[in-house]
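In structure tokens below, several structures.
Shared between the two complexes below is subunit A, which pairs with subunit B and subunit C, respectively.
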Partner chain A sequence: MLMMRDLKKMFEPESIAVIGASREPNKIGHVILKNLVEGGFSGQVYPVNPSAEIILYQHAFASVKDIPSQVDLAIITTPQKAVLKVLEECGEKGIKNIVIITSGFAEVGNVEDENKVREIAKRYGMAIIGVNCMGFINPYSRVDSVFNPVYKLGRPKAGEIAFISQSGAIGAAVMDLAAKMGVGISLFVSYGNATVVDETDLLEHLYQDKRTKVIAMYIEGVKDGRRFLEVAKKVTKKKPIILIKAGKTEAGVKAAASHTAALAGDYSVYSAAFRQAGIIEVESLTDLFDFSKIFLQPFPKGKRVGIITNGGGIGVLTADQVLLNGLEIAEYKLETKIKLREAMPMHVNITNPLDLAGDADASRFRQALEALYADENVDIIILTPLMQTVHLDPSIIDLIVSYSQKMEKPISVITIGGSYTEQNRALLENGGVPTYTSPYVATKAISKLAWYAGRYGKE
Partner chain B sequence: MRQFDLSSKYEIPVVEYAIAKSADEAQRIADSIGYPVAMKIASSQPIHKTEIGGVRLNIPHDAVQQTFNDLLRTSISAGIEFEGVIIQQMAKPGIEMIVGMKHDQTFGPIIVVGAGGIYAEILKDVAIRVCPIDREDAKEMVMELKSYQIFKARGKEYDLDALINTILKVNSIALTEKIKELDLNPVIVHSKESGGGCEVVDIRVIE
Partner chain C sequence: MLMMRDLKKMFEPESIAVIGASREPNKIGHVILKNLVEGGFSGQVYPVNPSAEIILYQHAFASVKDIPSQVDLAIITTPQKAVLKVLEECGEKGIKNIVIITSGFAEVGNVEDENKVREIAKRYGMAIIGVNCMGFINPYSRVDSVFNPVYKLGRPKAGEIAFISQSGAIGAAVMDLAAKMGVGISLFVSYGNATVVDETDLLEHLYQDKRTKVIAMYIEGVKDGRRFLEVAKKVTKKKPIILIKAGKTEAGVKAAASHTAALAGDYSVYSAAFRQAGIIEVESLTDLFDFSKIFLQPFPKGKRVGIITNGGGIGVLTADQVLLNGLEIAEYKLETKIKLREAMPMHVNITNPLDLAGDADASRFRQALEALYADENVDIIILTPLMQTVHLDPSIIDLIVSYSQKMEKPISVITIGGSYTEQNRALLENGGVPTYTSPYVATKAISKLAWYAGRYGKE
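And then the complex of A and B:
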């Protein structure tokens, strides 16, 4: 197969040409240039436009070939008709990394031009992301080729989850969501038609990328199934892959000749392959990040959960989901029980879930958290604080964040409520605590973490 | 016949059968196999035989010729080219499974194990893997089926190793033979107290 591509310069360029940069504020070529110039990219940016001299206070060039110094990355946003010509010029200029935003290729039946793009890339040894894509965001090097204005589409902070998406629209919406949820990313790539660089090349890159701890993916299909499977198997041993697959419905299966073909429709084979590769498949876009972020927690030693709550009902709902998802309710050690009994008022029962009662304040939470954190029989801690009570003040945020930062046991928080609760939840999330608004999602995510830790944690 | 070639080359145990072109021949074959027998429409076309009434079970000596003629009429009214009638020994009782393979357009050869027999497509209780697989994978496939509970629940010990061996044979077929799809359905897994092993009743090859 292909040699592994080196995409480091693609994602961490020192100089970028924006081909098709425009003076018109509503043009894609303008927004991309603006995001680079104003977004804090520290390298050189060269607008390329044959009919402009200055764009956004930057000197513009008629062709990439006129740029006097080396260019690491070219972002092509021209009309479709001009793409092959400017790509050829990039080749002559010696630019090895290209993002082609422009659409109008195989996705609309224009296979011929798409093949020409591939041919040019091969001739010059180029790596190309696209065609028909949004390119990428690297929050570390501040490269951003996503053409949605920043005021309309939030950009996530720098973090440790990489997200690669076949669809640009889904990718952008998920970025916006991640920004709102306070989830940080290491890299976002929308790779469109995968004309040259495909999902498997990106996995290879992320496998090496030191900033990436977890890989989230949105795919509709893969180009080379067997190569994908082989690479994914290798990657999941080191970094978890959380994936959502679109296009699951099984048209054509009914006409299958054999029972086997009827039983193994296209999607069920995908799903089986994901499983074989150790990939964690999720069902919704919100699950994609809800599952990904739990993997930034330390690996649990087992699957025994301790639940701390100040609301009986939410504690019980959580306990139900813990068991339904194959996790266990921890049995505290005797010394933990004694310690808790001595510390807690008599109306608090020393059980699991540990219901600290409606009058619990942050200091009661502190005692409980301290005890369960120290207990070897508790592998995982879930806190379900109802923020709305009279006694609970925001100092509980610092408390949970400080325990979470010890990074010895996974801690997550389920908190349900309106805007006040939501503010506190966001603070926790920003402090690196994975937060959830339902026990259902939280326990599913945690069970995947426990599964992964059991399968790969010791390697 | 391709089916026969495959089963002998890969040593897949198939319940004894022969194809009769006439009612007289059917009687002779049934006599040599021993009663009762199963009788089925033979066809290289991809048809679901049970659904058109093309499968008759537990046929005694006196009903063989009548059944042959019935099946001939059935295949004519279903518009199937008549290639004869399969006369087959009645399979020993056991748990009915399906083992199959197909070439997937994305992942290449894949293997399927599931609850078999006439309800296979209704139950959809299947485990799928991309080939190649090893013995551990094959075992895992069986154990992840809902039907695996049945193997344990009947109070007998069934010959799972025989089933796993058959799965591994299909894995070899998938990797070597140029065929598009293959069904072994049903594969009847016998209990150890009745002698163990497993037997394939029907093989279908789509080239």
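And then the complex of A and C:
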């Protein structure tokens, strides 16, 4: 597709037809309808099913053509045999935006039907997401075509990270994880076989989308490498792309082909292209959002890190990882040292990492954070409070959130533990503070932020 | 120390004196006493405090010398100034096992007092853990000197992984994490400055300890490198050691010195020695237990992995990581292929990874697991069930646990998601199945198991 698609109505429709809507609770067409009806979508929802009159208290239509009003988006969940027919009907009805959940196309060798979908789309000027996908979640417009029950799969809150994923199940699982972590998303799209709308179309959309500040991607293969590279180069100048590539090995490539009909190709070629385009590649699925969320922090002016801790060991590990990841240990200004020496008890050494000791309370953290935030020699602040001590109370959460909201220096938190720590960690994330469970991941993410800020930060 | 210490009474005392026991809830001497009294320790507990008569409903003694019966273990939590005096009294009382929680010794430059502690220990033939430490948790004898409240820091269940940590706070935080993950421990020891009992003494103890199958370690520096290496070499032949080293960089080494007075030294020398001793080194704190728990699985006969999934993408990522970590993708036997082809619906391809498709229920997983467990060409089984699908119900947990308990092949699970997935993941861990949140970590851990089995598995 050379022209840019306008996908605004796709992701912000005022009316949706669910084709293949079902009364059986275990059917995809039921779960999607239920999630739309109960999930807060404020527009019209039309169930389409030739053999049911009422589904989930909604009047059902035999065909989209029977719906009396305009339909902005159709979500197709019928058996494979019926897809071409109902798609044609969508065309006749003038529906321009389609999600086809149904599988059984190129990924199982049925290239013929996949080509027919493409032909119908072209004939009617349709944008189609899928086939063989989960569609999308837009937490702003409350459109949700992910067919997992909400009690099994949490939906993340509205935020600023977009996630586009070739794999539906992985995409959904990562959404579930994001919901639990308290990380917000601007849009999630599972695009499956990329029959019509492909990863590059989605990148173009997100480039324009004002709510999206960071783009995370899971891909197996790219449809049009040259165009992807060109668009990605443009996008990364404005918004960072964090990407994980599946299908790096022979076994992975083979598995990808039968999964989304992807041409995973030669990984070394991909990897070089990603680098060239300024894309940040990660190796682990859990890194995808751990890296993405650091990019919602302000750009650091340099690489000099100040570390505040109440646990010596975690300070040592963090200092190690700061240096091993190409960041620097800040040398405090003299006035900072004097200020800290006056404020701190004698058993606290004024060094970096600044180990406030096991008896540190929130007010000691406040004095430390205040001093390092004001110090021009400190570009980046990492706090590693171990929440389990007798002396540290949850008022430290408000403290860190309030400094983070000044948005002058990037602040992140590393904290390790069980349920009590997890609760406090979730509060920090809700307050917009990126949190990590190990210095290893945190510093890798921060070093990418510093790299990006150095490369694109000046504009 | 050249002779081997007998630390059995230290970790399994029948009577404990808490010196510096306090009535103030925020004091260390209060929290430790409370955790002992309320935590299920079945022996005698004697609070020692010259200015209180009753603490937590227990009669308090002015000095250990006033306690009428024998005392197996004394936990010292007094201010630094009082330590030498009460330690001397312990000697006079004939107490042979001491934990000194109190800090303010070599780590702040007070080498003189640290030497005096060592001198007293020698004179009375005492084993001392500390100074400047958190002591230990033995979930079997229910002795617990960790001074974090239980509502903030969970205690892990009894199990087979021992953790010895130079840093108390990190050790405690990792215990909290283990408790949340449902991983059991045989013993946790925080040994701080290693004034008397050092990391090597602890290794010797764990070598003998029947409950310990795997040893995890956090260290900053080693007291006697040659002896450590010698003992570690012996230990790793029988029990794997998973280790994280802090103080790898200049900044880390400096921070370690003021933390536990450790001589962190030249990291490349350490790293080479670890390798030589057969120690498995990890880079991230969260890897410590993720790697340790795989070693409670049976040894694989080879490196051939069978992957069972209901999410194509996670199968692709796992296949990649299997190969990237030096493991192999198993080629099923012909009869396995025939059996699977007969059992599975046509849209399931009989390949490895075996993608059971998004509509897979527990019974499809059962057939797959049965077939791969029976196949001699499969040495290692990885299941990556995405728990969020409509069709998969929690009966899959029982299924996986029951196969895992056969203990013929190592089984592990990778599953990604939020609260619902976490609950199911915790059930698997409770059933003894190691679980992971990414193929990246899981396959790294498994590859270490395969390496260890190849090196030491034959005996």
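Criterion: the second predicted complex is superposed on the first by the 442 of 459 C-alpha atoms of A that agree within 3 Å, B and C clash if a C-alpha of one lies under 4 Å from a C-alpha of the other, contacts with A are read in each partner's own complex, and residues count from 1 in each chain.
Keep this in mind: a contact is a pair of C-beta atoms (placed from the backbone, for glycine too) under 8 Å apart; a residue touches a chain by one contact, two chains touch by 3 or more.
This one's a predicted model, so the numbers in the text were calculated from it and none came from an experiment.
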First (subunit B), second (subunit C), both or neither touched by A:A343: neither
Looking at A:Y270, would you say it contacts subunit B, subunit C, both, or neither? Reply first, second, both or neither. first
Applying the document's definition of touch, where does A:S258 land relative to subunit B and subunit C: first, second, both, or neither? both
Which holds for A:G247: it touches subunit B only (first), subunit C only (second), both, or neither? second
Looking at the overlay, what does A:A172 touch: subunit B (first), subunit C (second), both, or neither? second
In this superposition, which partner touches a larger number of subunit A residues, subunit B or subunit C? C
Of the two partner chains, subunit B (first) and subunit C (second), which one does A:L229 touch, if any: first, second, both, or neither? first
Give one of first, second, both or neither to describe whether A:V401 is in contact with subunit B, with subunit C, with both, or with none. neither
Quick check for you: in the superposed arrangement, does A:P439 touch first (subunit B), second (subunit C), both or neither? second
Once the two structures are fitted together, what part of subunit A is touched by subunit B and by subunit C alike? 258-260, 264
Complex contact set, residues of subunit A against subunit B: 221-222, 225-226, 229, 257-264, 266, 268-273, 276
Considering only the defined contacts, which subunit B positions touch subunit A in the complex? 46, 98, 100-102, 104-108, 110, 112, 114, 120-121, 124, 126-130, 181-183, 185, 204, 206
Complex contact set, residues of subunit C against subunit A: 26, 28, 31, 103-104, 108, 147-149, 151-154, 165-174, 176-177, 179-180, 218, 220, 244, 246-252, 254-256, 258-260, 283-287, 310-317, 319-320, 322-324, 329, 347, 349, 351-353, 355, 358, 386-391, 415-422, 437-441
